[in-house]
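Across the two complexes that follow, chain A remains constant while its partner is chain B and subsequently chain C.
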Partner chain A sequence: MERVLSKITEVTSDPYAYVTGLKERTGKKVIGCFPMYVPEEIVHAADLIPVVIWRGNESVTWGHAHVPPYDCGITRSFVDDAVRGKLNFMDGMVFHVRQCLQVGEFPLIIERNVKPAYQKVLYLPPIYEGEAVRSFLLDDLESFKTSLEDFTGKKISDDSLKKSIEIYNENRSLLERVYEIRREKPGILRAREVMQTVWSSMLMLKEDHNELLKELIKDMEGKTVESKGERVKVIPVGCLCQTLQFDILDMIEDLGMIITDDDLYVGSRYFANKANLNGSPIEALADRYLTKTPLCPTKGVWDIHWGDEAIKKMRDNNAKGIISIRVKYCPPHTCYYPDFKSKMVEEGVPEVMIEMEHEIMSLEGIKTRLQSFAETIGGV
Partner chain B sequence: MDIKYKVNRLVTTNDIRPMVDKHWADLRTAKERGEKVAWASGPTFIIPYAMGMKSHFMAGYAAYCGGIGAADEVLKVAEATGELSESCSYHRLHMGMAEAIKQGIEINPAAILPMPDLMVSGRLCPEMSHYAEGLYRRMNVPVVTVELPIAYAKEDVPRVKAFVYRQFKEVIIPAFEKVCGKPFDYDHLSEILTVLKKAATIRNQCWEFFKDKPSRWTLWDYGVSIAPVFYLMGKPESITYYEKLLKELQERRAKNIPAIAPDGEKYRLYWDGWIPWAFLGKFMRKLIPNGAVCICGRYPWEFFMHPERLDPEHPLESFVDAFWGEDSPRCFSNKAPKGSLELISDLIEEYSLDGMIMFSSKSCRLWNLSQPDMMDVLYKRHGVPGVVIEADMVDASMISDSQIDTRLEALFETIDGIRRR
Partner chain C sequence: MAIVVGVDVGSLCTKTVILDGDGGILSYDIMRSGHYYKGAADESIESALKSAGLKKSDVSYILGTGYGRGAVAEADAEVTEITCHARGAARLFPEVHTVIDIGGQDSKVIGIGDNGRVINFVMNDKCAAGTGRFLEVMALALSVDIGEMGDLFFASKEKVEVSSMCTVFAESEVISLFAQGHKKADIAAGIAHAIARRIVGMVGQVGLREKVVMSGGVAKNSGVVRAIEERIETRLLVPREPQIVGALGAAIIASERMSATIG
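Entry: the complex of A and B
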């Protein structure tokens, strides 16, 4: 297991170097896909390397001249990375501009300051009623495919797209299995290791990641975990678009709680739902996108309450509480949160909300909140 | 000797408040008269209007709350009942109002609206979906949802327009037909467009008076005059209002009366972003003594800037076309950063502007992220400097007097410096 985890740590501790190396090694072009819903399979089928754009590893510096302090962490960090030239290894970038207002403002900044050879805007509509939504979504995906074909000068056949979907579906199955084993053997991996495992999937070639996961799963299946006493289970929820500070995950576990599942973007949300391979591959990707769960506040789902979904996950895991991780200045989560909280109160579910920023946070303040939460749910 | 600048107030703009008050009062009392009520975001309110319903309009409600001084108390209710201050202040205003109704919290009665028979969530910006979803979850109001994207590239315009049209036709209209129990009234829609077209055409004539040097009116005068070409659309008074305004501006030109005394403005400014509805007076008091007048902006210019495109013979098609059609970078796509650059460039040239104020809303993230880059492009292109002012449209806790003063001072000094070269 150490070999795999060490590889995953290598990938995620310096994604810039890893992806640059990957590009050199494969001779393929890299396309940065801004989280959360760019269908990477189409990029993969174009024989390009899709990587999910990440929150950077340094404080914002030059970016301050381009982005106000009241935009979210990944927005500020991404713009900073971009204007400093740290993302110059990316040959292209794709933005789903209807996801939130901040993503909608990227194209101009990137065009001026990075000038990637390929840039594409996707509209991907929310999951609203009416045939027009699906039809517009299909047009959008076709347009994406065509733009990549124009960029590479090569057609993307249905077969190659199906092959890519198959590889991505396999990755999803393997990540699901990692989560399943974690549920069976709580503590087999630290929460940060699980997050790194998912994050590495966003950075590596999926074929390579699949091999890595197979080895990891084999190791996990063969490993027994000593029970360190009954630790109280909690479910982290939220943290849309970006990685959570590993320190916070460590803190949760060090305070006597244990994470057996999650509802995080760099977590179970990323690999949820497979694309159905029967029929047209573009339609399969559209249908996957149109799946209402895991519920995302950016996708306009009305008839399902995020709070109910989170409570279900908590109960399925026999967990005792929910830790909401809200990225500061994330409007979709911020607007939904009051109703999420009300649902927790209504259902008598213990819940605490932690705010996360890209840069310095008062870890001591977070620790105090988590500590009292742990005491409340009987963890300490 | 320092010049003492002073606003020459327009007489016509005094007519706005009664018109706007009447709109919201009619809405508040609609149910007493047995009328149906809609709530709407984006320009979707035209559909309930065509059905003879009274309708709220999301941004209009926020502007109204700001204008009547009710925003503070409604925002306080929102925060006291769980809203987070980072979220859109328009969103918070609606949540505050809903909670005030639900929990019986006393607020300015003019800020309380009747619950809708149908709410249209026109997702012009994602926050418009969030507010409608929040109201649905809390108040269980019936909702119809449509996505109203902004085209980012010219080649995307046809499919975006077709998508929007289909949703009006296939989603919004049938939903209102169901609520009202009658077929959609295309004839009334045509009547509304006929009035709107005339009002917006006269409004465009009024815009010409911004080109005068000195300008005959200010952007704030126009800001308070937007309602007749938007959520007061279709009312005959909207034409009367603009006819009267045009006449007053013509008289000003004939008598050489400037927007600000004694001899007109020293600085002609572009205003980017939302209009700060609750703080118009505050900004006036900071701009006018310096001889500065805001002349135009991309947001106030988005309301049917091409009225010739409105065709009452093809009301729905032309209404959608006016917002989402070809040339819409000059109309609705001015929200997409790249399209806006060309619009602002044109405005700078057409209206002979000296500087730019980029109003960066702390609670609305539309525009604020690309403003510094836009400022840079425009400065290089036109030699017109700009400053960012960080504030909010209605939330007083996000406004800093000293920041506004410092930034404006810097802008005026920069313009002076450029003039001395």
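Entry: the complex of A and C
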């Protein structure tokens, strides 16, 4: 297990260097895909390397000239990286501008300051129901495919897209298995290691990642875990679009709680639901998007409540509480949160909200909140 | 007789409470934390032991709490101040369901169940505005002793708005209000109302359920207490010594753990 974890740590500790090296090694072009909903499979089928854009770990500098300080961490960090030339290894970028207002700022900023060889804007619908929505989405995905064909000068055949979807589906199944083993053997991996495992999937060639996951799963299946006594199970929820600071995950576990599942983007959300390959591959991707759960504050079906989904996950895991991780200046999550909180109160579910920032982190304050929460659900 | 000690190492003050085997308070101590929390904890324990006529060897269990809870070198365990304030307030006022605690650098509102256990809570996260430190800075700006701030509130005749809740900006605002000719008492009342506004927002998040206890050093400022009461339209129960509620809660938990051990 050490070999795989060491590889995963290498990839995620310096994603800039890893992806640059990957590009040199394969001779393929790299396309940065904004997190959450861009269908990477189409990029993969175009024989390009899709990587999910990430939040860097440096303070924002020049980026402040382009985005306001009240934008979220990944927005500011990405723009900062881009205008400082740290993302020059990316040959193209894809944004989904209906995700939030802040992403809507990107196309112009990138066009003016970075000028990648390829840039595409997607308008994936925020509401999932109705034939008009599906039709609009299919047009958007077809346009995405055509733009990539124009960029590479090569057609993307249905067969190659199907093959890419199969590779991605396999990755989803393997990540599901990692989560399943973690549920069976709580503590087999630290929460940070699980998050790094998912994050590395966003950065590596999926074929390579699948092989890595197979090795990890084999190791996990063969390993026994010594019980560390009674530890209360909790489910972290939220942290949309970006990686959570690993310190917070460590803190949760060091305070005597244990994470057996999550509802985080760099977590279970990334591999939720496979595309069903019975018909046209583009339709398979569209239908995956439209039936994709869990929902997020910018997408969904009216009568499904995010709070219900989170509570179900908590109960399925026999967990005692929910830790909401809200990214500071994430308007969608901020606007949804009161409704989410009301649901927790209504259902009597213990929940605590931790706000995460890009630069400033008052870890002692967060520790007090988390420890108090652990004491509350642990009966102190 | 199992003697237990609760030590609350706060950002401004360290408090110690010693309980006897029946849960009665034998002594307590309050002192400034300074910059060396470990030393403050040791000194405060020593002082409380001396007041009670006890030695360290008489103590069966020490429980640390507060911002510097990890610095209590001789602690058998540590529990957060949120849990401890709830437990301490419930001992003093068994009918309590909400605690407002404003300490040196943070403020908390805690919802409590019928058994004295925490149900939910909120605490300020990044800014110390509206806390004990904030009041100290404001007292300096007004050139009054911090102990006089409460009395000044009641001498106020004219309503003055202190809008900013940032300690640094509020200090500048106070200086501007002076320059505009406003009186000390009116500015002091404005400051108390500014703190109350901030707390009321937190009370709203937790949900107000009577009875409401106010703990922490700022509860000694009768002006702030009154300003909060006016806004939440509820009488606040203030212990005779509001600063030791967290340490008392820590001692109570220590006592429970001792009982569980003895069986």
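The criterion applied here is as follows: the second predicted complex is superposed on the first by the 374 of 380 C-alpha atoms of A that agree within 3 Å, B and C clash if a C-alpha of one lies under 4 Å from a C-alpha of the other, contacts with A are read in each partner's own complex, and residues count from 1 in each chain.
Here is the rule we use: a contact is a pair of C-beta atoms (placed from the backbone, for glycine too) under 8 Å apart; a residue touches a chain by one contact, two chains touch by 3 or more.
For clarity, every value in this text was computed on a predicted model and none was experimentally measured.
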Would you check which partner chain A:334 touches, where first means chain B only, second means chain C only, and both and neither mean what they say? first
Considering only touches as defined above, state whether A:360 meets chain B (first), chain C (second), both or neither. second
Quick one: name whichever of chain B and chain C touches more residues of chain A. B
Touching A:126 in the superposition: chain B (first), chain C (second), both, neither? first
Under the stated touch criterion, which partner chain does A:376 make contact with: chain B (first), chain C (second), both, or neither? second
I'd like to know which partner A:342 touches here: chain B for first, chain C for second, both or neither. first
For A:104, is the partner it touches chain B (first), chain C (second), both, or none of the two (neither)? first
With both complexes overlaid on chain A, does A:368 touch chain B (first), chain C (second), both or neither? second
So, in the complex, the side of chain C touching chain A is made of residues 67, 79-83, 106, 117-121, 123, 125-126, 253
Chain A-touching residues of chain B, taken from the complex the two chains share: 81-84, 86-88, 91, 95, 121, 123, 125-127, 129-131, 133-134, 136-138, 143-147, 149-150, 152-153, 156, 159-160, 163, 166-167, 170-171, 336-338, 341, 360, 362, 364-370, 372-374, 377, 388, 390
Flag every residue of chain A that touches chain B in the complex, lowest number first. 65-68, 70-71, 75, 79, 97-102, 104-109, 111-113, 121, 123, 125-126, 128-133, 135-136, 139, 143, 297-298, 300, 302, 305, 328-329, 331-332, 334-339, 341-342
In the complex of these two chains, what residues of chain A are touching chain C? 350, 355, 360, 362, 364-366, 368-369, 371-372, 375-376, 379-380
